[in-house]
Amino acid sequence: MRPFRQVTIAHEHCDLMGGVYDPAQARIEAESVHACWVKYQGSDDPVFRDRCILIKEERGELVKHHVSVLWTDYFKPHHLEQNPEIHDLFWKATKAAGDAKKRMDPAVAERLISSIEEVAEAFRATPEASGAGLYPESTPHRVMS
Amino acid sequence: MRPFRQVTIAHEHCDLMGGVYDPAQARIEAESVHACWVKYQGSDDPVFRDRCILIKEERGELVKHHVSVLWTDYFKPHHLEQNPEIHDLFWKATKAAGDAKKRMDPAVAERLISSIEEVAEAFRATPEASGAGLYPESTPHRVMS
Amino acid sequence: MRPFRQVTIAHEHCDLMGGVYDPAQARIEAESVHACWVKYQGSDDPVFRDRCILIKEERGELVKHHVSVLWTDYFKPHHLEQNPEIHDLFWKATKAAGDAKKRMDPAVAERLISSIEEVAEAFRATPEASGAGLYPESTPHRVMS
Amino acid sequence: MRPFRQVTIAHEHCDLMGGVYDPAQARIEAESVHACWVKYQGSDDPVFRDRCILIKEERGELVKHHVSVLWTDYFKPHHLEQNPEIHDLFWKATKAAGDAKKRMDPAVAERLISSIEEVAEAFRATPEASGAGLYPESTPHRVMS
Amino acid sequence: MRPFRQVTIAHEHCDLMGGVYDPAQARIEAESVHACWVKYQGSDDPVFRDRCILIKEERGELVKHHVSVLWTDYFKPHHLEQNPEIHDLFWKATKAAGDAKKRMDPAVAERLISSIEEVAEAFRATPEASGAGLYPESTPHRVMS
Amino acid sequence: MRPFRQVTIAHEHCDLMGGVYDPAQARIEAESVHACWVKYQGSDDPVFRDRCILIKEERGELVKHHVSVLWTDYFKPHHLEQNPEIHDLFWKATKAAGDAKKRMDPAVAERLISSIEEVAEAFRATPEASGAGLYPESTPHRVMS
C-alpha cells in the first residue's frame, strides 16, 4: 500500500474551484483521441469507423475542456509575468484539439499530444507545481483496450 | 522535451472503447472531493460552504463514473480469475464515492482516496497494465488552488 | 384517475440518493438500443443509419449508467449475502450494454435486454423491493414511434 | 424468466427518434422529486438539506425533459384531434415540475405526480399505446433507499 | 463602450428560474443546424459529412431545449389568453427541430429557422418583452466559420 | 414576418465547427448570472437563496464555455496580429465568470458583463464579423421572469 498522497496547497485564501490541477486529465483524453485514430486506421468496418469518429469528437471536446480549466483557473497573473507565452501555448493546444476532432490525420493526433506536453511543462515550471502532479518525468505507458 | 509516450495496446481485436485506461482519472477527482472537504472546514462563509457541497457532489459523481468505466470496460474475465476480489473492490470504491458525496467527514474523504488506491493497485497488477499508466510508484503532489 | 402511488421506504436512516429505484429506467433504454438496431436494419439511407449508430451509442451509455446506479446505490451487503451472484450479474449487464453499443448484431441487442431482465429479477427478489417497482410481471408493450 | 417483451411499432416510416416512449421515465423522476421533499422534511442537518435541494433541482429538470420528449416526439397531429387538451396537459405538467424545483411544499410535490399521471393517461388513451408501456393499471410500489 | 444593459424585470415575485429569456438562444442554434446542412452539401469527404450529422444532432437538441424553456418558463396563462396559438407555435417549432435533426433537406432547415422566428415574434408581442431581447428588428448577420 | 437572415460565411474551406458565432450566447448567460445575484439579494428564504447559488454556478460555467468557444474556434492568427490583446481579454472574461460564480458581490456581477462586452467588441471589430451577429449597437432589453 503506498503512502498517502502529498498535497501542496497553492493558495490559502483562494476561491473554491474545481479542486485539484493536473495536466494528466488533458493528457489522458488526448491519448484517447490518438487511440481513436489508431483504431479507425485498423478497421474497414463502416459501423466501427463511425464510432471512432463519434468517440474522437467527445474525447477531443474533453481535451479542450481540461486545457481550458487549467488556463482559466490555475494560471495567475504572476505566472504570466514569468512566462509570457502561456496564453499562446494554451490557445494552440485547444486549437490542436479542435483539429484532432476534425481530421483523421496521424500528424494532427501526434501534434495534439505534443501540445498537451508543452502545456504540462509550463504547468510543472510554476513554483506551486514544482514536482507536483501525477505527471512523472518518465514516459507513461498507456494501456489501450 | 520528453520522449513520446509509450503505449501498450492491450487487446488487438477489441471493440472501440472510451480509449485509454488510467486510474489517475478517478484519483484526481477523489482528491478534488477531499479538497472540497478541506475548504469547507476552513471557511465559515455560508455561500462558500454551499459551493463546497455542490462541487463535492459533482466531483463525487465523476469519481463514480471513472471507477465504473474501469470496472466495466477494462477488466476482463481472465482478470477476475487472477483476482476474485475485483468486483468487491470496485463496489466498495463506488460506495465510498457515494459516502463522500453525502458526508462532510474527514474519515470518509480519506477512505475514498484509499479505496481508489486499492483499485489502482488491482489495475497495476494486471499483466496488460504492468508499468503502465500515469500513476507512478511515488506519491504524487497535487497542486490545489 | 388511479389511486395515488404507494411508496415503500426501504431505509430510514439512509443517505440522500438519486431518489427512487426501479430497473424500468435501465429497461426502457435497453429497448431503445434494440429499437436503434431494428431501424438500422430497416433502412438503406446512410444518413439515417448514421443517426441510428449515434443514438444507440447514447442510449447504451444510459443503460450502463442506470445499471451502475442500481448496483452502487441500491444493493447493500445484506443483499450480497442472500445472492452472491449480484456483482457478476451487474458486471455482465454493463458489459452487455457496451457490446450493444459496439455491434449491429441482433443477438447482442437481445442479450442486453435479457441481462437487464436478470438484473430486474435480482432487484425484485430483495425484501425491500417485494412487489415494488413499475415492472409488472406481465410483459410490457413498448410503443415505438 | 419472463417471456420476451412485446413491442408495438407505432410508425413504420417514422424518423429515428430517442427510441421508445413510456411515461414511466417522467414518473420515476417525479417520485424522486417527491422523495427529496420527504427527506428534507425529515432532517435538520443543513448539509443534508442542501443536498436535498440540489438533487431535487436535478430530478425536476429530468422530469421536464422526459415530459417534453413525450410531447414533442410521441404525440402527433391526429392525437391532438382526438384530445385537444394535450398541449395544456403537458404545459401544466412541465410547469408543475418547475414549481416542484422551486418549493419545499408537499402540495407542490404531490401536484407534480398528479400532473404526470394525467400525462400518462393521455398517453395510454392513444391507439398506438393501447395496453403499452411499463405503466400498469395497478399502482406501483416505489422502493426508496 | 456601449451603455450598460437595460433589464426589464417581468415578474417581481416569481420563482428563480434559468434567468433571462431571449429567443436568440434558440435562433443561434437553429442557424448552426442550417450551417451543418450547408457544410454537408459542400463536402464529399465521408469523415467530414459524418461530423456534420453528429453536430447537427447536438445543435438540433439544443434548439429543442431552448424552445422548451421559453414555452415552459416564460409564457404564463395571461399570455395564452392573448394568443391562443402559443402552444401550437411551440409544438411545431420543437417538431421542426426534430425534423431538422433527421433530414439533410434544405427546406427542413429553412423551415426550422422560420418556426423559431414565429416563436420570437410571439415572444416580442408579449407586454413584458416589448422591445426586449437581443433580437433586433433588423436581420442579423451570422458569421460562419 | 421579417426577411430571412443574412449569413456571412467567413471561411469557405474551414473545418466543421460548432456552427455559428455570436457573443450573444455568452452575454445572455452573463445576464443570468447577474439576475441570480439580484434575486439572491431580494430574498431571505434560505431555500430560494440556495437555488440562486446553484443556478449561478451553472450559468457561470456556461459563460466560461461560450467565451472559450469564441476564443478557440472563432479567432484566428490574423486576428491576433490586428489585436494582440485578444488573449488577455478572453482570459480576463473567463476569470470574471469564475469570480462571479464564487461571489455574491454586485461589483463582480457587473464586471462580468463588462468583460463580455469587451469580448463582443473585439468580435465585432474583426472583418468577418463586421455588422454581423445578433448583437445590435443598441442596448438590449432583457426580460427577466
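As written, the chains take the letters A, B, C, D, E and F, and residue 1 is the first residue of each chain.
The rule is short, and it goes like this: a contact is a pair of C-beta atoms (placed from the backbone, for glycine too) under 8 Å apart; a residue touches a chain by one contact, two chains touch by 3 or more.
These figures come from a predicted structure and were not determined experimentally.
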{"item": "Touching both subunit A and subunit C (chains)", "value": "B, E"}
{"item": "Of C-E and D-E, pair with higher C-beta contact tally", "value": "D-E"}
{"item": "Interface numbering overlap (same over half, different under half) for subunit D and subunit F", "value": "different"}
{"item": "Farthest-lying chain, centroid of Cα atoms versus that of subunit D", "value": "A"}
{"item": "Subunit B-subunit C separation of Cα centroids, rounded to whole Å", "value": "25"}
{"item": "Centre-of-Cα separation between subunit E and subunit A, whole angstrom", "value": "34"}
{"item": "Chain centre separation in whole Å, for subunit F relative to subunit E (CA means)", "value": "17"}
{"item": "Centroid spacing, where centroids are CA-atom means, of subunit C and subunit F in whole angstrom", "value": "40"}
{"item": "Multi-chain contact sites of subunit C, meaning residues that touch two or more partners", "value": "16-17, 48, 50-51, 54, 73, 102-103"}
{"item": "Chain-chain contacts as defined at top", "value": "A-B, A-C, A-E, A-F, B-C, B-D, B-F, C-D, C-E, D-E, D-F, E-F"}
{"item": "In the complex, subunit A residues that touch subunit E", "value": "50, 53-54, 57, 101-104"}
{"item": "Residue numbers on subunit D that touch subunit C, as the complex places them", "value": "1-11, 14-22, 24-25, 27-29, 31-36, 38-39, 48, 51-52, 55, 59, 73-74, 110, 113, 117, 121, 128-129, 131-145"}
{"item": "Touching residues on subunit D, where the partner in the complex is subunit B", "value": "47-48, 50-51, 54"}
{"item": "Residues of subunit C defined as touching subunit B within the complex", "value": "15-17, 64, 68, 71-73, 87-88, 91, 94-95, 98-99, 102-103"}
